[in-house]
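Structure record follows, encoded as structure tokens.
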Amino acid sequence: MRKIGAVGVMEKPVPEPGPNDAIVRTTAALICTSDSHTVRGAIGDRHDLTLGHESVGVVERLGAAVEGLRVGERVAVNAITPCYVCENCLRGFPSQCLQALGGWKFANTKDGALAEYFHVNQAMANLARIPDDVPDEKAVYACDMMSTGFMGAEHAAIPLGGSVAVFAAGPVGMMAIQGAKLLGAGQVIAVENVPQRQALARRFGADEVVDFSKEDPVRRILELTGGQGVDSAIEALGAEETFMNCVRATRPGGTISNVGYHGAGDYVRIPRLDWGVGMSDKAIRTGLCPGGRERMARLLRFLSTGRVDPTPMTTHRFPFSAIETAFGMMDRKEDGIIKPLIRF
Amino acid sequence: MRKIGAVGVMEKPVPEPGPNDAIVRTTAALICTSDSHTVRGAIGDRHDLTLGHESVGVVERLGAAVEGLRVGERVAVNAITPCYVCENCLRGFPSQCLQALGGWKFANTKDGALAEYFHVNQAMANLARIPDDVPDEKAVYACDMMSTGFMGAEHAAIPLGGSVAVFAAGPVGMMAIQGAKLLGAGQVIAVENVPQRQALARRFGADEVVDFSKEDPVRRILELTGGQGVDSAIEALGAEETFMNCVRATRPGGTISNVGYHGAGDYVRIPRLDWGVGMSDKAIRTGLCPGGRERMARLLRFLSTGRVDPTPMTTHRFPFSAIETAFGMMDRKEDGIIKPLIRF
Amino acid sequence: MRKIGAVGVMEKPVPEPGPNDAIVRTTAALICTSDSHTVRGAIGDRHDLTLGHESVGVVERLGAAVEGLRVGERVAVNAITPCYVCENCLRGFPSQCLQALGGWKFANTKDGALAEYFHVNQAMANLARIPDDVPDEKAVYACDMMSTGFMGAEHAAIPLGGSVAVFAAGPVGMMAIQGAKLLGAGQVIAVENVPQRQALARRFGADEVVDFSKEDPVRRILELTGGQGVDSAIEALGAEETFMNCVRATRPGGTISNVGYHGAGDYVRIPRLDWGVGMSDKAIRTGLCPGGRERMARLLRFLSTGRVDPTPMTTHRFPFSAIETAFGMMDRKEDGIIKPLIRF
Amino acid sequence: MRKIGAVGVMEKPVPEPGPNDAIVRTTAALICTSDSHTVRGAIGDRHDLTLGHESVGVVERLGAAVEGLRVGERVAVNAITPCYVCENCLRGFPSQCLQALGGWKFANTKDGALAEYFHVNQAMANLARIPDDVPDEKAVYACDMMSTGFMGAEHAAIPLGGSVAVFAAGPVGMMAIQGAKLLGAGQVIAVENVPQRQALARRFGADEVVDFSKEDPVRRILELTGGQGVDSAIEALGAEETFMNCVRATRPGGTISNVGYHGAGDYVRIPRLDWGVGMSDKAIRTGLCPGGRERMARLLRFLSTGRVDPTPMTTHRFPFSAIETAFGMMDRKEDGIIKPLIRF
């Protein structure tokens, strides 16, 4: 990112590690829609900021105080890299490191990971070894897509055998569907209108797919749940209308789990009556991609055993030299692109 | 309640109990602000509906299938009287009995408890014996004020020694303050502008009182918490602006616990940036006065040991014959009235 | 059960329903190992007590106060039939209705369900409709095996992608394996030595099977988890040695979920050092088959969608007229019997 | 500690800080009974190991990578000093840093804090500023006594207004009593036979005191709870008999929270029938003094506002020069000593 609205490859020196840091040589990366948001100015202006937060690679250098890691190891790094020693981290909210959303450092408060080398703070906590049987192109999904999508399901308080609606089957929504299935949902309803994404939603575990462009999704969800609404709704788009539909489609005592980044407007409205005038025991949870090597190890285990395979989302592959082409296609959502894999 | 906007005493026959029910002869009651809301049409039109849901009394008759209770026992009944056998009750949300807010039956779906005799469904679960050392005028606070206010604190996920802001020190807000203190809050900040209520807020445990009519309450709360915001905010008024201030005053990872009845508008807005664009690990909980004799027994224990004494809220006392006067004063909030006690 | 040690079929009148009860005409049932325990005197002497607690059937009669059910509907009844209105039920522990284990009424405090007709208390809460696409021979597994085994996993606090050891792959252990898988376990290790049960354990989701008769199961579990131990261990046998191995095989901060009925000895020992001298953040949970129609509906949904199919455990089938033969085989665990299905 | 059984003051060089560490100059300390256990060999032999883990002081030096702290600040350090970056820390169990009980480093895996200067690892996470209005002699109680005792109550899952039994009113037990009160217990029963400690137990919030030397404490607790047993029992001694009494005195669905260090025997027994044969929904929790500056700040807030005052436990005061005398008295529990304060 050169400035708002402009991207391009540039040369930068390989970063130096502080005592607790590591430098990773990148081997594979994904481009995220939020990179496009950043370029459009979602987090304010940035100049000559390296983008990207979904990368895996090989340890190139380690800080003097780093123990338990070796140069040359294959590692994955979560999109969120908390310090783990500040007050918010100690409170149990590392994604809110130092301040709201402060765990998100890549391509926000420091250079991102779409580069040949990138810097990782608090390396002992943030670098996860990749098992030998997990290729880079799978491991890279643990950095954000799996962690964020699964968090959507973890926050949704799904009762065993319960019903879940996932609004929007983009990459995070698909992983929320997969996560709901992993966490014991008995009925998963995806709300999505793009046929390619509808098919993937079913592949990742949706029992029903509702096309909001053809019918009122809330009414359809009520029909599918005997008039009661779902136990849990996951907002995986970041739009006010979708959020309101989550509140409407959830039964009393249910949970709305917000994953989507709400990028527009001063307010996000709750429909008052569907919220039970604030008394219906409906809960609204929010969160930001949980990081840390311990969680990464659990996510990588799903890839190692084959229980989860996110690679059907990899619709395109590019060498790093074609990164500008890839970024442009992702920005314009051309050619049915879902996730483009970048090889280094 | 005769119809919307009109109240008056009327004669009705003493109700008959079904097999699982009880009839209670009333000895003491409180009038609730929500009774005024009902008369103004908040829950739609009702004709010749007995009002009231905060009453204690003596068991007059018991249904054929009721065990473990005796005629003549002093009993308290929560404002909410769930069936405990429907799907929502079995899910753990008895206040949402059958449907959203469906546990609220008194003066809503059946006659209320501001009468010489009133009917209690599912008596085995809903009637709580009053300990001998707890007078009626104290016990009556367990029916709604203590149960609802304490729920506000229970839903607020207060860390031990954490900070809590309670917006509005009406009767429920005061009990939310008391509840926060009971649940280990280290710093309780009340937001209230009426001097009499400010004084009571301090009496019930507020460490700080912020007068929103003299300063921006959110700014003041941030100052009082070293710029971080509170761990937990409790909305005890039912106003959009207050709800938004709860979101603003709460730190990332904190919890907003809504207790207030939101009676106006199609939407209740969440301020988007203060909500961390839906990613700040802030949670929003809601609920409706939890009932049941087991909870009532725990609340009555606080009255029995003297750890809680809500009677400073009893600003006025009336015989049942003056109920219309009492109702009018409560409706107009005259003479510094907080809770009027009705003796039968 | 005639008396301790003696079983036999006897004629009894069809029971009468009280106002909240139902009478069910049985269509299918399973025999449980705990029936054998009962006959051997595990719960004390009983005379002419009908055994059985895993039965489904058709509503024959309904009490006068029962609503929402119709004579002729196909219904499943959990092994545990709480009243839902006593103090322990209201506290959220219906399996401990009135007293410890008090929700267990069939073949304990009243006649069981291995009969042509049986009585169900609190029918509105305890009778679950069976979906049309779920045959009786599947639905009958929801009564105890699925509910108990899944509870073992629900109590185990399995982190997403975490490791779980299940000790003993009897019917409940197999359902605990299935439950761990449903709840997001990343690695499930079954401890079992019978080849037939090892094969079923794999079929229900075990990633690894440890044969305790050939190697020290704790050492093997440590090897399989990189020396750390599992996040969660489920005791599904009811033996002190197995329970101790659960404590030994669980990492600090992990959870031991006890499902097994401990039938012998005055004490069940915790190995002190493996328990971290009482300071290792290891938790021990216990429980008894959760009941209620709402849970039953969620379990039946898994059968309806085909996500769970417990019928590979049905090794034998008998008509009700051969019940004594079936009971004898189950008692002696002959012919590789796991669960015998009884048709009426 | 010179070796097992021998203590004495010795000269050591002032330690050097690594990049993430701090050196603190001690101003006040407490001696803990566990120091005596250590000297007797509870954790194995140690040679020339500095004892102590309850000290406060002033920052003397800071490592190069430490931010947000200044030399000269008054600070408190918890007895447990986790690294916060290892797998167990990231799992949410920092007291089990690296391995079971591994967060306990002072006087275990490195020199303790009963010295003029002591070393603190991961200083940013482990050093808490002491508010100006909290004197050293109060702050020092946050290091272990308050944090451990309050943890006992936090793990006990006390329902609001619920009943709690605390077994043994030593310093940790007294703080467990105080913690139960802070967390909303409605009835706190202390089990203690020493009159001085009984009086302090009442002062810290016990509603009832049971003298186990005069009556069966379990029977008495059952009487005090209407025959039901307590919702929560806290083991604050570390003895098998006391632990068993916790299981016996707890009602079905209740929680036993173990705080005591169990130092003897191969096993700690659970009484089988009182445990409900492993099916009574009784839970057993364990833990080790939670640390970290964020928690310390919450504990210090209670001292700052005066809501908690642990200093009545300070029965004796000594200068550091008299440390050997103090240690001997503590070891022999002479002169009614509870906590001796050491001034530097």
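Letters are used for the chains, namely A, B, C and D, taken in the order the chains are written, and counting of residues starts over at 1 for each.
The working rule: a contact is a pair of C-beta atoms (placed from the backbone, for glycine too) under 8 Å apart; a residue touches a chain by one contact, two chains touch by 3 or more.
Model, not experiment: these values are computed from the prediction.
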item: Labels of chains that are neighbours to chain C and to chain D; value: A, B
item: Chain pair with more C-beta contacts, A-B versus B-C; value: A-B
item: Centre distance in Å when chain A and chain B are each reduced to the mean of their C-alpha atoms; value: 40
item: Residues of chain B whose C-beta touches two or more other chains; value: 87, 91-92, 159, 297
item: Chain C residues within the chain B interface of the complex; value: 18-20, 64-65, 83-87, 89-92, 122, 124-125, 292-295, 297
item: Complex contacts: residues of chain C adjacent to chain A; value: 150, 154, 159-162, 179, 182-184, 186-187, 207, 297-299, 301-302, 305, 307
item: Interface residues, chain B side, partner chain A - complex; value: 87-88, 91-93, 95-96, 99-101, 159, 228, 235, 238, 243, 251-253, 258-263, 265-273, 275-288
